[in-house]
Amino acid sequence: MADHRDEVGVANEAANEVASQRSPVIEPGHTFATITDKISSIVLTRPTSLGWVVGFGAGFLVTMMLLYALAYLFVKGTGIWGINIPIGWAFAIVNFVWWIGIGHAGTLISAILLLLRQSWRNSINRFAEAMTLFAVACAGIFPLVHTGRPWLAYWLFPYPNTMNYWPQFRSPLLWDVFAVSTYFTISLLFWFIGLIPDLATLRDRAENKYARISYGLLAMGWRGSARHWARYETAYLLLAGLATPLVLSVHTVVSFDFAIAIVPGWHTTIFPPYFVAGAIYSGFAMVLMLAIPIRKIYGLEDFITDRHLQNSAKVMLATGWIVAYGYGIEAFMGWYGGNRYDQTLLWNRLHGPYAGLYYMLLACNIFIPQLLWIRKMRTNPVWLFLISFVILVGMWLERFVIIVISLSRDFLTSSWGMYYPTRWDWMTFFGTIGMFLTAMFLFVRILPMISIFEMRTLLPEAEVKPE
Amino acid sequence: MQIFPRSTNAISRASLFGPVFVAAALFWGLVQLQRSPYITYAGVRKSQPVPFSHQHHVTGLGIDCRYCHTSVEQSSFAGIPPTKTCMNCHSQIWTNAAMLEPVRASYRTGQSIQWTRVNQLPDFVYFSHNIHVTKGVGCNDCHGPVDQMPLMYQQASLQMEWCLNCHRAPQDVLRPRDQVFNMRYQQPTASRPVQIDGMSYTDQDSLGSALVKKYQLRSVQDITSCSTCHR
Amino acid sequence: MKRVPTYGIMAEFASAQDLVNAARQTHEAGYRKIDAFSPFPVEELADAIGFHKNNVPLVTLIGAIVGGLSGYLMQYWMAVISYPVNVGGRPYHSWPSFIVITFELTILFGGISAVFGMLALNGLPMPYHPVFNVPRFVLASKDRFFLIVFASDPKYDANGTRQFMEGLHARSISEVPG
Amino acid sequence: MENTKSKREDVCPSKRIDRAAVEQQLKETKGPEYWRSLEELAGSPEFQDMLHREFPKGASEWLDSVSRRGFLQLMGASLAMAGMTGCTKLPLQEIVPYVRQPEQVIPGVAMYYATAFTLSGYANPLLVESHLGRPTKIEGNNLHPASLGGTDVFAQASILGMYDPDRSQAITHLGDVASWSEFVNQIKGPLAVQKALGGAGIRILTQTISSPTLKDQMQAFLAMYPKAKWHVYEPVNRDNVLEGAKLAFGEVLETRYDLSNADVIVSLDADFLAAGFPGNVRYIRDFAKKRNPDAEMSRLYVVESNPSSTGAKADHRLPLRAVEIEHFARALASAIGVNGGAMDSGNTAKFIKAVVGDLQKHKGSSVIIAGDHQPPAVHALAHAMNAALGNVGRTVVYAEPVDANPVNQTESLRDLVSDMRAGNVDLLVMLGGNPVYDAPADLGFNDCLKNSKVALRIYHGLYENETAELCHWNINEAHYLEAWSDGRAYDGTVSIVQPLIAPLYAGKSAHEMLSALVGLPDASGYDLLRAYWQKQHTGAEFEEWWRKTLNDGFIEGSAYTRKTVSLKLQSLPAASAVDADGLEVNMRRDPSIYDGQFANNGWLQELPKPMSKLTWDNAVLIGPKMADREGIKTMDVVALELGGRLGARKITGPVWIQAGHPDHSVTVHLGYGRRKAGRAGTGTGFDAYALRTTNALWIATGGKLTKTGDQYQLASTQGYQTMDTGDGETRPLVRETTLEEYRKDPKFAQVDEPPAALTLYPGFDYKKSPDAWGMSIDLNSCVGCNNCIIACQSENNIAVVGKEQVVKGRHMHWIRVDAYYEGDRDAPKAYFQPVPCMQCENAPCELVCPVGATVHSSEGLNDMVYNRCVGTRYCSNNCPYKVRRFNFLLFQDWETPQYKLMRNPDVSVRSRGVMEKCSYCVQRVTEHRINAEIAAVGENREFKIEDGSLQTACQQSCPADAIVFGNINDPNSRVARLKAQDRNYALLADLNTRPRTTYLAEIRNPNPELET
């Protein structure tokens, strides 16, 4: 809503465009009322559907498995995982980077697309942001629990202590601490202020007393005053402006964890850009994996149209190519750079004990996604869903390849080693997925998953003639 | 419709901005607790099998520290006197004082007296008495006015920040080596100058820097390196 | 039953366009203590009711600057002044390494002050507000648009204002009890 | 070592501290506090009954299972929280002083005592560090000619043996705990009966003994019981050497070598640089001295079957099957002009020609050494050749045998068995040893003892092992660190074995056993020893002489004098024909656990074997050729069969493909597959003694190898044993060249050294600090003996992790010895490279630690602050040398009291979740610095740490003197001078990490004639 006129323009176009090839961002025939009713009813209807209960229950059980795995971890120590010397980092960090990457789509959609005035973002930004928060929460678990003595993790924060000794600010891990916590805070605020007007709507529409009270408290007495809207819009815009460099910085910093180190396969300048691209890549894949079933189940095809699926697919195609370029440059530099360690690394990826995974990675992240060139694929939810899944697998493999393969064979051949995940590695990984789904289920049940007031602005009625 | 009464406004505002202050207060509390005697034992008189009075033995009888703490100049460990040392005198005087029974019992049975440790450092801290004594750090610089302690207690917090105070500015505490065991030593003033090597010093700054040279103290960077105390 | 003082008079409109027009007329009619309510942001509205002074950017800027400075100074003090340690032969003041955290704290403080600044300036949270006494006001968060003239406005007088507002083609007019 | 010498005490240190105090301590203090507070009380020598309470028989298994002792790890974690963090509340501690403090004892100051460790009769002179009566670290005795400060792995690890909680802790009779006096009374009767018979029914079985006192006692006993017999048996015996000497000289002689003036050395399957070879410590020193390429450099030819560390150091190594080596020897002899009954030397002709040429050129300065397991003929030939080359008296010296009872041990045991079978034995006393486990299979000692008619069987030993099981009486032996004794080094020099601590479990020494048998049960070992030596050393000044002897640890001038001998070599027995394709089986002592007596020593079990880097197991070693032919892969389980009179004997075990191992030959190591060793040793590996027969103790032919199809996980500590990276690249990790090339281009090793000005950063100025520590490791001297690994483990309280963890790649050694192979897999070049922390000046590890737990000290040490570490493992990932070790689980044993006593009080005990690594022995650095500072201030002179006075643990007992540590700020220090050499290079220098540890490149001295 940076510029209202522009919104109107988009809305008009959207309306007139039904006939034309390009599908609109919102199906015609909607009014403020219908939008409001449609979206808020999802949250306000009682009783809860059985499907939801089942899904939530499943996610919850897996979350319990995560807690069990973590409890055992605290009792025994990180030795229950497959890590060793030389491979000091494996699943924990792979998962961390993977989740953080996924967590990039939300803020990107709500902030960057907002600044780029991509009005189609309005219908997906809300749950994309929620997805971001939950993904970052899942990611946040790992840096903490992967330490040998997690109960001392508070030493990573610069608090006044009796040792007169401080964190070591040259360490990328410390940068992570600040980057990730900042990212989480800002995303949370961004998401929440986005929610305020809709919470007001829910407050005013809830039948149930308690619902009314709780939504009321969260809405903080929002009444849609013109003055409030003015300040609100500014704040929202500023936040978007701040979040944009932030979202780019977060994965850059994460990539520093590797780029700053001297390990062959880590120590490369290409990392920041292609980590960010990869993050958006996997982020959109996750958005689609959520959007496609949600719009089906809750019948939101009017709001999440094929246009959205198409655009997301195009974004994936683009970022996918950036990632491919990254791989290309890595390989090229490995060969061209003439550094004996990088050359060996390249050879090792292609012929080493983990070569299979590397080829799988290429298939998942580069070759299969090329199907998205085909329009049918972009518009067919089922195919899109499957491709997104493949991409998510691929991006997980990318992190595995970068972290584990590089560590498994570094400088001294005498200390080369292998890594085999244990069942505890897997339980922790899948556990976080369960946690993510649980949170997602709760979210769609108690909060509007599409921004109601921003949808309203897409309608032609929202137009106001200038003087 | 109106859901909330007017009063809610104040409450809600408080609940939005209040937590910040609560958290801050909590944090401040923790920081204080960290340094409190409850954690450090500083100034806490721990119960002992025999209520040994340093005041009486040092001030009253004028016994030198090294009579009991024999290894303070040769070893990292200052030494806790064996029962034998107590009995040197107490086989002659106070021979049947009730409070000394544990000592006599120990001597009879050969069972050690089990004192409660007063000045204790964590196990990963390696402190050497001998080097500190050699470089002109006085007993009471760390142990406080032991000669005025009827019951022994730990004077300083013995926390790292406390150690660093001296390690970052040793010249502020150094004294001539012959004064190390003098519990009543006071830093030089114009009225009470301190003589070493024929020079007379009227303030700690000049004395300190002179001693830093004389006793070849290592640079601050040296003595604040981690492995100075941790290995 | 005790008579409650009036808070103002409120008119309801069907579209954003109507509201904006009405607001403008009211403002031109010399009413200053007025406000308008819409279910989504209508940019012209603020201008229409004569609201121009928006301090959110300033607050944000201050927050960001404070964040950035404190970030860098904290690192400098800890690494160079408080306890300088030789880390891998790097200088104590390794400024390139300090940039990341400085940046992050800039964003963090900026963001926080933007959000809380906005809330504070808007006087939120304010769960209770007289306008909620108007039953139809629930529609303000759905598809209706409202304009209010506060009783505190010097030009306000119960009947005159009501008549004036009726002239604005409002769908309905109601008195807001304070 | 001057100051250590001055620190030596010359009195018996066995102190008497009241037990209650110690028990109190053990009850009240937890984990990490324990050994520190113990420091301030007193190392109590005597709390055996308490230990009994603490130790139910068959305690918990070794660290293998992760699920082990869950509660304990919880405790460990909580301890870690309590003990390892800065701001948690410390638990109240007791402090328990002496009642009467012994003189000399200054709490917190270590003392050193001279003693000796005896293996197979050969004494290794030692200097043992003691903290308040607790021995904590073993060093070599630098005054003793057989040590010169060096030790071997067995001596280093023996301290763990003393604290081993699985040692037999009481006298038992038929399994019930009994007392010494009971024992004494019970044997009175039988002895009386025997007295009447002149002891006709008494047999005493000992291991190889060199103790003069014990020999004297034994003779006294045999005088008292003239018909009694003294049998000697050890599985790793030197019968071949003995028979070889008889063959050559007609008498029994000790052969020693003087490598300090050997320019050409030919080894006929002799692994003379390996622990267990008599005199190896001294040989390594002399050998290493002669390998200096800037002086007269020696040349080493090794003809061997199983690849050994000696072979790895060879300038020319010829892999031959053990059975072929006799033929080689004969051919060589004939070529030299000794009648070896010349055989066709076949494909080795060229080699022999070159060797002979070399030998002829160096008459009198060459030496030919035959391996213990080669048949007598080979030894005889070696003697003959050395004589012919005029080496005798120069590089080869003959003298009295060190063995007090030099008999053919196999025959001796055979006699004993037949006597037992015949029922001639009524009373069998076994002093040590474990014949039930390690006697040749064909003797059937086991069942012979089980259902023999021997009325009374007495076992005296350190463990309740397989043999003890089958005895009525089981007397727990006192460990050598607990008892008085003496013994002879390889050159005959008598060392006095001085106890460091009173017996933990009131064990008895062999001397006390024997004197009990002659009716003096209460004689103390000390009195017996003293009495004996008083007899030998008549004269007024005995006291003074005795004190000096105890102080030095050995009797000056007690070495056996050289004998001039005349060769009486009659015709040699005909050599057995070699079946070209028949499979030969070599049975060898294990490089880590010897003959099995160290099977329960965790340090040795986890010590990577020099060539294969295997731990916790033995394996069937085969050559690559054979593996390819038979289609066998490493870790395939095979069945190995040997035919024989007693029918086929068979073992099954996993295969390890050993580069350089000859074809048609397999090697198995003895000592594994113990049934009753203890928590560490029981059930590791397979028992190769099952293949051993009296007629083929070392080399058997006609073996049969078949795949079983099973797999078995072996635990090797080294990822890859080649410097090739697979993509055709080879990394210059070990830099090596020939003497010629080196003379041409001395700086060959210093390629890709980055210029000092490369970095943008100014870099730190370490000149400001008086000392900047650095280390130089000479790859030419290092013989891969592994001694440094154990020395470090002992000095720095390094945990043992168990096989499962080693397989996962989590072993904890702070210094490792990498072994690399290069070239033809069947005859590769081999290299050793010890790798401790490089202490990089631009340390990559420090840069990435988020909490600053690893940072630089002003002296350039890469400090690792355990208590600050949160365990992100980032530092290890970023360490190009991978020398950092992480406590993935609670590897330290917090609860075993013995281990608490053993630990070095000057080094933190690391708990779970903490990174650790080589610290350049910072505790020693600090100690020396403090002492030097005190001295400087006291004497009012410039502060200085004397070069060489401060030695790291690995350096101090390195037999090759390959590791040198010191102050690189002082251009005259030894380390600075070494680093100035042309051969000096830094590992991975191209990374610009600026390591403080650098290497001296390896130079070989090949024979031009053999260079193709």
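Per-chain residue numbering starts at 1, and chain names A, B, C and D are given in the order in which the chains are listed.
Basically, a contact is a pair of C-beta atoms (placed from the backbone, for glycine too) under 8 Å apart; a residue touches a chain by one contact, two chains touch by 3 or more.
Please read these numbers as outputs of a predicted model, since none were measured by experiment.
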Between B-D and C-D, the pair joined by more C-beta contacts: B-D
Chain nearest the overall C-alpha centroid of the shown protein atoms: D
Computed distance of Cα centres, chain D from chain C, in Å: 80
Separation of mean Cα positions, chain D and chain B [Å, integer]: 46
Intercentroid distance (Cα basis), chain C paired with chain B, Å: 58
Distance between chain centroids, defined by C-alpha means - chain A, chain C (Å): 30
Residues within chain C bordering two or more other chains: 83, 85-88, 90, 119, 125-128, 132, 138
Junction residues of chain D - those touching two or more other chains: 84, 86-87, 844, 846-847, 852, 855-858, 868
Residues of chain A whose C-beta touches two or more other chains: 161-168, 170, 174, 203, 216-217, 220-221
Touching residues (chain side chain C, partner chain D) in the complex: 85-91
Chain D residues within the chain A interface of the complex: 66, 70, 73-74, 77, 80-81, 84-87, 718-727, 729, 731, 733, 805, 808-810, 816, 818, 820, 833, 835, 844, 846-852, 855, 868-874, 876-878, 880-882, 884-890, 912-915, 987-988, 991
Residues of chain D touching chain B in the complex: 18, 20-21, 24, 32-33, 36-37, 39-41, 83-84, 86-90, 92-101, 106-109, 768-770, 855-859, 861, 863, 865-868, 906-909, 919, 922-923, 925-926, 930, 933-934, 936-938, 942-943
Chain A partner contacts - residues on chain B that touch it in the complex: 3-4, 9, 12, 16, 27, 31, 34-35, 157, 159-161, 164
Interfacial residue positions of chain C with respect to chain B in the complex: 83-86, 119, 125-128, 132-133, 135, 138
